[in-house]
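Chains: A, B, C, D, E and F, in written order; residue numbering restarts at 1 for each.
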Amino acid sequence: MTTHKPSATLESDPRVKAVFDDIRETRKTDFINNMWRWLAVDPALLERTWREVKEVVVTPSSIDPLTKEMIYIAVSVANNCSYCIHSHTAAARAKGMTEAQYGELLAIIGLAGKTNQLATALQVPVDPVFDASLQNG
Amino acid sequence: MTTHKPSATLESDPRVKAVFDDIRETRKTDFINNMWRWLAVDPALLERTWREVKEVVVTPSSIDPLTKEMIYIAVSVANNCSYCIHSHTAAARAKGMTEAQYGELLAIIGLAGKTNQLATALQVPVDPVFDASLQNG
Amino acid sequence: MTTHKPSATLESDPRVKAVFDDIRETRKTDFINNMWRWLAVDPALLERTWREVKEVVVTPSSIDPLTKEMIYIAVSVANNCSYCIHSHTAAARAKGMTEAQYGELLAIIGLAGKTNQLATALQVPVDPVFDASLQNG
Amino acid sequence: MTTHKPSATLESDPRVKAVFDDIRETRKTDFINNMWRWLAVDPALLERTWREVKEVVVTPSSIDPLTKEMIYIAVSVANNCSYCIHSHTAAARAKGMTEAQYGELLAIIGLAGKTNQLATALQVPVDPVFDASLQNG
Amino acid sequence: MTTHKPSATLESDPRVKAVFDDIRETRKTDFINNMWRWLAVDPALLERTWREVKEVVVTPSSIDPLTKEMIYIAVSVANNCSYCIHSHTAAARAKGMTEAQYGELLAIIGLAGKTNQLATALQVPVDPVFDASLQNG
Amino acid sequence: MTTHKPSATLESDPRVKAVFDDIRETRKTDFINNMWRWLAVDPALLERTWREVKEVVVTPSSIDPLTKEMIYIAVSVANNCSYCIHSHTAAARAKGMTEAQYGELLAIIGLAGKTNQLATALQVPVDPVFDASLQNG
């Protein structure tokens, strides 16, 4: 079940082909996962999204690649995106996530889900010490 | 604005006092943040929640303390818990999160929020390669 | 902070006045809480919403009034509606919710928040025994 | 997989039949989509929901029919309702949504998902100029 | 589709076996539903979650067992957890939920979903009378 | 209350100044709303986000500017972003949204919130006619 059916000849559009070629080269694989094939519904959206993924996730930075994937999983679970949970759990494993780390990641996500609901139900006032506007710059 | 007003004499309940004493000793501080004072509405809930936080967040494990906080922030943002976003952002900074890491954490959360919505809108089918039930055990 | 400022003379609109009069008579009080004053931005929306609240929440039915309020709180917490959490927690107390019941309600909401995230993270397959389409009619 | 199995003789209930007949007449088709067949679990709920859909979506008003469907898709994506995303995307196409408009709708929903998360993560204070309570009436 | 494939010999781990044995004894059935088999990915998480379910849901308390299930359904719907909606709807029926009660539960959840969105869209200010911090202790 | 305090000399960073100058020129106003001042925590994030807003929201396209704002409001309400609801409701009014259109927008968002929850609670199966993968290309 899907709301969109990609064309059988996606790469006849040169903008789509250029993005797919860059994905293949960046990831050193011929495999293009469905997300990108579906985003090709709008070449400008495809180009913008891939450029942002490269800048935020692929380029080395102050957060290591595995941590980035675990954060991505956490957001995707809370937002309930089934596709994203599947793809990023696979990516985290490919980047070395151990079963112990996976179990702990689940424990943190579950605990956060619980305390999020509790703080919201009780409408707990934010302690002034947590308010950045009151801190010295 | 809140839905519950903690008693002025919370620690006259020995179960509450025992948890608060353990929080103070574990964190090496006299400060008890509002979350725990509000959870004291139900001492069993307070005990269970603190025990879980100790086991999942405080005890050293295969995910380092700062990464745990960043994952906690990510879930809290996606679940929109204002209290939790404030408290865990403060905790992450206390554990050494740099401004560069904070900026990247925001970038990942924002990008995940975007691709979560896109995959959901398009109802992208999960690639079989991401399905753990098809993998060899 | 709000996105709409109700007129100072709301009840000069006879449709608004009729709804407000019915709220006062149904609830045996002169107090009109802000929700209804804000919904008056669109009299048809105000009428429809109040009619539905009367039919679903006010009219006696197979779920008792306090349980209805606790269910309403549960949904409002999960949807993170601060106004609704405040108003329905007050309503539940007015209908007799004890502090013990409130504590247990919080415990259930918190636990559900946790297991919801865990089942979603693991993408646990639904057991066939839970699928109503497989049951005999 | 479903949590409810509609009876094979739904229209033997005259309240259900009356709603289904009105749906057929309003839409000029014999097709009754699953949503309505499932809502028949509670005839009062079915009646109220169909009446509201007629008043809000079907009746001509100040927002054109295609825009209404695009707004409906946007809410359904953010609330992650798979059924609703499918049915309203189909409805939008039936009302003339072009592929260019669909691509832009996706781009707006994705961008909003991103900036929503960023504003929430940063807990950006609302600018006074956006507060309707401060504006002249 | 799932992100985790449970081992075929789960109960060779004594911690997992102990939890499964307790589930069987508590529920008087040999059936272990998938949630527990998937949570066994992390035995500590499995133990903690089952202990909490026993304390919050199984142990008799001031909220009756059927009401607890209806609250659990309400949270699971708002959080959009398909597995949890299926399992708790089945559990509520097993505990005696009538079709009339199910229809009303749906009506309340639907109405709350609607008024939650309306109060959020209008950013309705909380009436001071609903603020517990202003009430006498 | 906020989790970040912008520097008093934001525009001493030339990347920030360049974005702010472009915002001023594009919008023909000196006013920079808080969202952009907070996003300056990470100049790359600020640049990317503003570029995307320009491409998706500012540039004329097949969806008119007011409709874009109404879609943005709809997503922001469902995602519960208070800042975004305030800023985009103000923007929609500035682009000509009438009070009648605002009332109808609210009615659609509220109705969608309700039917989203109902379809999710009932786990209504998607009708094959809504599945794009079954349609002829």
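The rule we apply is simple: contacts are C-beta pairs under 8 Å (C-beta built on N, C-alpha and C of every residue); 3 or more make two chains touch, one makes a residue touch a chain.
Quick caveat, the model's predicted, so the values are computed rather than measured.
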Request  = To the nearest 5 degrees, please report the angle of the rotation taking chain A's Cα atoms onto chain E.
outcome  = 120
Ask   = More contacting C-beta pairs: A-C or D-E?
value = A-C
Ask   = If you average the CA atoms of chain A and of chain F, how many Å lie between those two points?
value = 20
Ask   = What whole-Å value do you get for the distance between chain A and chain D if each is reduced to the mean of its CA atoms?
value = 27
Ask   = Mind pulling the chain D residues that touch 2 or more other chains?
value = 1-4, 41, 44-45, 48-49, 52, 75, 77-82, 85-86, 89-90, 100, 104, 106-107, 109-118, 120-123, 125-126, 130-133
Inquiry  = Please classify the inter-chain touch graph. Allowed labels: line, ring, star, complete, other.
reply    = complete
Note = Within the complex, chain B is touched by chain C residues 80, 82, 85-86, 89-90, 99-100, 102-104, 106-107, 110, 117, 125
Note = chain F residues touching chain E in their complex are 73, 77-78, 80, 82, 85-86, 106, 109-118, 120-123
Residues of chain F that touch chain A when the two form their complex = 1-5, 7-8, 44, 48, 52, 55, 126, 130-133, 135, 137
Request  = Using the touch rule from the top, collect the residues of chain C that touch chain E in their complex.
outcome  = 1-4, 31, 33-35, 38-39, 41, 45, 49, 52-53, 55-57, 61-63, 67-68, 70-72, 74-79, 81-84, 86-87, 89-90, 98, 100-101, 104-105, 107-109, 111-127, 129-132
Query = Which residues of chain C touch chain F in the complex?
reply = 1, 3-4, 41-42, 44-45, 48-49, 75, 79-81, 133
